[in-house]
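Two complexes come next, and they have one chain in common, chain A, joined by chain B in the first and chain C in the second.
== the complex of A and B ==
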């Protein structure tokens, strides 16, 4: 007798991973945006603002910033991939996996392009 | 599962504008990073921001950036809430809280930008 086996609808293909990471990165960016607006609003008090900026110069925040850069690069490039899937209706979905790996490769390059000079000024 | 959305619309406009703002954000972010981190010393302090924000052009840029980012984030949050929260009451509550937070953060950001430094310099020299 055949058992009634549960088959998950989603398996962990490139597209699934892309989607989960996109959701997590989007939510992380909302959180960052809120903190960003909060920090920048201190511009109305120049001394406070400069103190906060000096505080955020600590290595911990520099490392977090590097992570933020990675999150942004991923979300931006994968977001553009999603937009291409949605609007290039003839071909977009058919090549979504290739576009995912394309985004990953491009992402590594863009990430490095930003991270290398950043780490350079950090070390100095 | 309760399929009736609190707002009662299909969300197609939100879907479209989320993509549109996504494209704008990609462009604005490139400018933002280029100006903030890849030109000049790469550091940020009051004096540097002050010189830039003296220009109404930069204020306009920042306001547009703020509005697009918050709209895009909210449209995204909407989808996430739709995916995980299925009861009308809870949806209404969480949507409302999210909209309220977005309005507050938009106000905080917009006030910061608009009320900053009234001495107008259209094309500020680089610091």
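== the complex of A and C ==
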């Protein structure tokens, strides 16, 4: 039998979803960090930097920035959930589902708190 | 009531790869999946192979994947499953011997790696080794494991890496590391600190969902992780 593959037929639950989203948001953050460093390294050439910044002011990057905020909020809050499991072990693991949904609800609130003013300045 | 089963069949002597076969069984909502499998084997298809023994959720033989989730066939009742066709597959990611019977050799090999028995270097007492009720309470949950392999086979870390010790072996390691009568905790902690040990656990919680004995497996593994980073070895 073929081995070492993900079993997509296995039933999903809060824990699986939390893990997959955590992995994907982690990858997205690594990608962002690489791009960020690439942009910042142009600082010693002001003309290039200004050109890049002008390019990054396009609406598509504003929307991506909003997505970045969502990714950061999820990764941070679910990271806290995992820390809770690590330090409160059995007690933490027993309430992992509640903590996941708590992170989702809190995440939506924190995301909105940042996104609403951001969109406000974008429309202006 | 009539229930349709879709069961994965595979005979290595004739088939090149597993295929699904449908059976319809007249049964009762309170019947277990195992009762239906028995019915199929006795009255419809005598070639259908699966492991079963006690039928009372204590031997751990009939662990299989029912509707995408691992568990014991004898403990999974028809009325608790979603209406419609019930899909039965062998435990994922173990080599298949025939139909629903999988090869558990590697599973047991990993289990024996964590030294799954009591060790005490001290002098042998005249009577039994004493343990206080509160000391027993720490390990009580982990002693209820029946070694059905549902957890290990549900773990994505195990799917990705055959050599990962897996939840079942780690629960057994926990059971003896925190046993106050045992004196080889350090040896076991070193074993689970290996690159294929506890830190392969990414808190996905498939094991907790699968465990037919409702052991908080991920919590136990987290406790082992905490012990590893807080004890000097």
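Quick notes on this one:
Just so we're on the same page, the second predicted complex is superposed on the first by the 113 of 124 C-alpha atoms of A that agree within 3 Å, B and C clash if a C-alpha of one lies under 4 Å from a C-alpha of the other, contacts with A are read in each partner's own complex, and residues count from 1 in each chain.
By our rule, a contact is a pair of C-beta atoms (placed from the backbone, for glycine too) under 8 Å apart; a residue touches a chain by one contact, two chains touch by 3 or more.
Note that this is a predicted model, so its numbers are computed, not measured.
Shared-chain residue A:15: touches chain C; no touch with chain B.
By the touch criterion defined above, A:70 reaches neither chain B nor chain C. Of the two partner chains placed by the overlay, only chain C lies in contact with A:94; chain B stays clear of it. In the superposed model, A:107 makes contact with neither chain B nor chain C. When both complexes are overlaid on chain A, the residue A:86 reaches chain B and chain C alike. Residue contacts after overlaying the shared chain place A:46 against chain B, while chain C stays out of touching range. Contacts of A:33 after superposition: chain B is touched, whereas chain C is not reached. Put simply, chain A uses residues 82, 86-87 to touch chain B in one complex and chain C in the other. If you check the complex, the residues on chain A that touch chain B are 23, 26-27, 29-30, 33-34, 37-38, 40-41, 43-44, 46, 49-50, 53, 57, 72, 76, 79-80, 82-83, 86-87, 114, 117-118, 121.
Of all residues in chain B, only 19, 22-23, 25-26, 29, 33, 37-38, 42-46, 49-50, 53, 66, 69-70, 73, 76-77, 80, 101, 105, 108-109, 111-112, 115-116 touch chain A in the complex they form. Interface residues of chain A, counted against chain C in their complex, comprise 1, 3-7, 9-11, 13-16, 19, 82, 85-87, 89-94, 96. Against chain A, the residues of chain C that register as touching in their complex are 65, 67-69, 89, 92-93, 95-96, 154, 156, 159-162, 202-206, 208-209, 216, 218-220, 222-223, 225-226.
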